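As written, the chains take the letters A, B, C and D, and residue 1 is the first residue of each chain.
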Amino acid sequence: MLARMIRIRLFESALIECQKSGEIVGSLHTYIGEEAVAVGSCVALNDDDYIAGNHRSHGHPIAKGGDINKAMAEIFGKRDGYCKGKGGSMHLADFSIGILGESGIVASSVPVATGAALAAKLKNEDFISLVYFGDGASNQGACHESMNLAALWKLPVIFVCENNQFAVTTSYKDSVSVDHISDRASAYGMPGVLVDGQDALAMYEATTVAVERARSGEGPTLIEGLTYRYEDHSLGLASVRRDQSYRSDEEVEKWRKRDPIEVLKSNMIKQEIITQKEFDQIEEKEKISVEKAVDFARKSPFPAPEELYDDLFTDPIEFA
Amino acid sequence: MLARMIRIRLFESALIECQKSGEIVGSLHTYIGEEAVAVGSCVALNDDDYIAGNHRSHGHPIAKGGDINKAMAEIFGKRDGYCKGKGGSMHLADFSIGILGESGIVASSVPVATGAALAAKLKNEDFISLVYFGDGASNQGACHESMNLAALWKLPVIFVCENNQFAVTTSYKDSVSVDHISDRASAYGMPGVLVDGQDALAMYEATTVAVERARSGEGPTLIEGLTYRYEDHSLGLASVRRDQSYRSDEEVEKWRKRDPIEVLKSNMIKQEIITQKEFDQIEEKEKISVEKAVDFARKSPFPAPEELYDDLFTDPIEFA
Amino acid sequence: MYVEALNEAIFEEMKRDDAVYYMGEDVRASIYGASKGLFEAYGENRVLDTPLSENGFIGAAVGSSLVGMRPIVETLTSFMWVAMDQLISQLAKMKYMFGGQASLPVTIRAVMYYNGAAAAHHSDRSYPMFMNMPGIKVIVPTFPEDAKGLMKTAVRDNDPCIIFEDGNLGGIKGDVPDNKDNELLIPFGKGKLLREGTDCTVVGIAGGNIHALNAAETLEKDGISVEVIDPRTLVPLDKEIILNSVEKTGRLVVVDPAHKVCSAASEIISIVSEQGFWNLQAPPAKVAAEQVHIPFTQALEPLIFPTEEKIINAVKGTLE
Amino acid sequence: MYVEALNEAIFEEMKRDDAVYYMGEDVRASIYGASKGLFEAYGENRVLDTPLSENGFIGAAVGSSLVGMRPIVETLTSFMWVAMDQLISQLAKMKYMFGGQASLPVTIRAVMYYNGAAAAHHSDRSYPMFMNMPGIKVIVPTFPEDAKGLMKTAVRDNDPCIIFEDGNLGGIKGDVPDNKDNELLIPFGKGKLLREGTDCTVVGIAGGNIHALNAAETLEKDGISVEVIDPRTLVPLDKEIILNSVEKTGRLVVVDPAHKVCSAASEIISIVSEQGFWNLQAPPAKVAAEQVHIPFTQALEPLIFPTEEKIINAVKGTLE
């Protein structure tokens, strides 16, 4: 758990550097500050369970155990990336380990994940699916339709709302007409749980309950992890101005002080599960693996022009 | 109130005859059995308030005081119809008296009506808007988005769900994951009221409360009128088979026994507001006006071929 | 008959492969005919009645296909607007975006009701829009045999397929060859020569072919020999059969029931103009739907669509 | 500059008419630039930050326009998929469907980000689809002056307008004439001659014109004289200016950054082939986007779009 959280943090930090140096292009939506939400929930899943995510998209696959070499290469637009460079930062996916992909259109992967859960039901298999979406995304009709469908058909899906309190510059208080997104669960007849999203163990526990419920055929759960993003909404897109006036420096500082990695670490040290030294070792190991990933990405070739039309259809179609 | 309910009933009955005789084409979604919902709610509105509706579309405009000559001519596809014959049965509208139109795509007029209410707020005027949609339609994302928006911005809009218990052949129990659609109001922080939709006075009262709330700037209300449709989902569309196996004859009979016109009539007779004789007079008068409407529709000319492109744009555009 | 042929195809494919399931609104009651008997034969885990949430359930179909299911989804073209996000952002884009990892064997039956007094909200023919977006195979069968054979191919195809079924062909009769071995599989991208001729090539789309054949027959009496070609699929498009025919006849008329601007007809004319320019002996001509919404009134609606007469005039125009 | 010109237009129109208001996501913070200063100038009743519910708030804009408001809505083309129902079923169809009763002065700013590593979910250029659907005016400005003048015309127009703003033009400089009387109003349906020439007509759409002008300049050095025409609006389309130019040059190349199948380029070529056939001295040619999704990697994305080089080759091809 700790290792994966550190991995996400270091992965994102490396990306920020690579973006500054001009090695990577496009926009980056970093997950720094929110690591406990993805990791705490993903570790409650089995390897053959599915997840789907959104534009803030590096934390989820890493939390599910994704290969950071491939993830890094993808964000570099290289051929050895998860999607051969075709997806990029917002569209990481690894179908081989149940990562059904991140979606740039907000809330758009919510019906998709619901469909994976539908498959479990139709096939009578016991895998489940879990989907991440933001506080902003919760206002999309796709969430309503999926939650109704999942509750009605008792589908084994877990809806995890990452409430980092803002959609770009808009506070969830100005976009959601009730106090908490989890309050909406009752409108579908499913449990809704508000969880401290800075506490990975709390996320783990809430997800475990939801997993049991899903696997035993009782249907979906809505989990809201209250969290915070440290960085701007997105980095790199020149046209998105870095207007931070929507939140105060003090507020950011306040949240930074309850850092999810620190929370978990001190918890584990207190419970004598690890020592500071072990923590440092983990950190060191992750640092090296992230450095290797950057190296891997740098060395990977770009796709060749002939590959442009590959992967559009199973067998290529010629267009006039 | 009674007169309008009788008018709807007779109007629909006349249409059924005209459809049988082949005088009108296309499909008809009749409102018979549900008259109390539209009439009870519409009479709580002012003339300059707005309504919008759906495919089951004759009851709403008549309840708002629409001209049945124009409505009938429209359904006959004639030039003197509300929409010059271009709209037909599913698209009656009379902007001059606040009828912003019926929509064939279910739930699609819910955002539109919300927008009319937004205009009231932006203009700082005190008209309100009210929208009708079905139990089936309540599962559309458009409802979620509109209800959130309306509650968030405290818009003067009333959401009236006509729960006639089926969407074509699908029971709302098989499409809505909670017991009642009005239960969903809490997910938006607005009042949700379940009303006996066969009782026009109950509808009137519930709507009056909602109207006051809306006009005083407190925001939207969700009203669910529990009702029943007597006829098939739609009449006329040959390809929609008249499969009634989704509900029993006994169930239909049971509901027919609590006919909304009878309920209101006996109520009014008991309270000595009207006599049987007065009721008969009203009925007779409405009968004549509906007959006149049929006559009007029959005599109205069809639009001329040159009118095909009229009304697409304010000033015609030539297409190659 | 067309609808029966589709029904046969669906039955055969559901029997052949357990992963195939059928979903849509009121499909158990089979209100539109093509799913008749399916529920009785395959039960509730293979035949799903959905709530009125097209974006939600089409997204669920997409998600289920990612994990091994092969959904067939029934809807009307006009109801696809509410589901455009799942159709475009996910169904069409996922495979490419994820570098080929996703396999999306989804078949969508998009029924087109037009020229039947269904008015603007129920008369869409949106295949040109889906031709503009990469990633979806676009199928437009005219005859029962093709409907069956293309449907079976679609279900077995690993890419997203939308079958645009022309509602005016529901009653079209035609022999469907006996196939005891269930192997009436018609390949995509292979047009069909419906009638040989030497003076002018007429390419017909969906119901357009019926009028094209009638026109050809009438023109024969005037000594004009028309070749009629049905491309059967628009993505992929068999441009060879069209270019070869124009090489022979030197003339081209395209008959297309969709709106004429940016239509399939525009596309075919542009292809022939670019690639068969030197064979053209006269300006190519388009007989497509007028660029206006579909009015309800029968005084106007029939003016919009291709007719035998319009085709005859267009063919004669190319021979002047 | 392009964005500043839009900003000026919006300011002027909001000043001129109280009914004009501005809505979208994070528009108060003006993350994309064009709404800069609006909130400060016009306040919360004229500048609305919306929840992430495009179908809901675009529908609300539509509804408000029916009762006297003149909304300007900011979004990206890629976010319009979730709002297609309100855009098509309501915005495009309402006026006609209701026989002209509705007036829909809605202006939608649809920004197109492409060729900037935004990947498949954020790079749509969907104007051909909106050209296929009647009822919406389609505006594609290239130069700051046109962006301003067409925006002002759109806001005053009583019909639905979508301005497809090419994100690649954000930094394009250009003089915008001084207009102390606020009357830089550019009419719809009037193309602009960007450069006179005699050998080949190049019609450019949006950003395509920049490449077209560059190509023309280069070709001039080879003694090839290219006429460049910017239609500026696609609905209505100034076909005269194109047909007249082809009458002079005998040759046609269309440059279109949207997907090539069923594109605006296909449409323009089909029009010229039908109506200017006898003037064409060589096959017309299309330089449009490859028919594939937009890959993230910069090794592939630039291959997709029109370039100076592709245009030069196409022009030379028409002269062989």
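The rule is short, and it goes like this: a residue touches a chain if its C-beta (ideal position, glycine included) is under 8 Å from a C-beta of that chain, and two chains touch if they have at least 3 such contacts.
Bear in mind that the values here come from a model prediction, so they are computed numbers and not experimental data.
Quick one: which chain's Cα centre is the longest way from chain B's?
Comparing chain centres, A lies farthest from chain B.
Taking each chain's centre as the mean position of its Cα atoms, how many Å separate chain B from chain D?
Roughly 39 Å separates the two chain centres.
Taking the mean of the C-alpha atoms as each chain's centre, how many Å separate chain A from chain D?
35
Taking the mean of the C-alpha atoms as each chain's centre, how many Å separate chain C from chain D?
That pair's centroid distance is 30 Å.
Which residues belonging to chain A are in contact with no fewer than two other chains?
Residues 83-87, 91, 103-105, 108, 139-142, 144-145, 148, 152, 174-176, 312, 320.
Which residues of chain D are in contact with two or more other chains?
Touching at least two other chains: 50-51, 53, 55-56, 78, 81-82, 85, 89, 96-97, 119-121, 134-135, 235, 261, 267, 274-275, 291-293, 295.
Tell me the shape of the graph of touching chains, choosing from line, ring, star, complete and other.
Topology of touching chains reads as complete, every chain touching all others.
Would you mind writing out the residues of chain D in touch with chain C in their complex?
That would be residues 55, 78, 81-82, 84-85, 87-89, 92-93, 96-97, 119-121, 126, 128-129, 131-135, 235, 258-259, 261-267, 269-270, 273-275, 277-278, 280, 282-286, 291-293, 295 of chain D.
Taking the touch rule as given, give the residues of chain B at its contact with chain C in the complex, in rising order.
25-27, 74, 77-78, 83-91, 103-108, 136-137, 139-142, 167-170, 174-176, 239-241, 243, 245-246, 302-305, 307-309, 312, 319-320
Quick check on the complex: what are the chain D residues that touch chain A?
25-26, 28-33, 49-53, 55-56, 78-79, 81-82, 116-122, 167, 170, 260-261, 290-293, 295-300, 303-304
Give the list of chain A residues in touch with chain B in this complex.
Contact set of chain A toward chain B: 139-145, 147-148, 151-152, 174-178, 183-184, 186-190.
Touching chain A in the complex: which residues of chain C?
Residue list for chain C touching chain A: 21, 45-46, 50-51, 53, 55-69, 85-86, 89-90, 94-103, 134-135, 137, 157-159, 189, 235-237, 239, 267, 271, 274-275.
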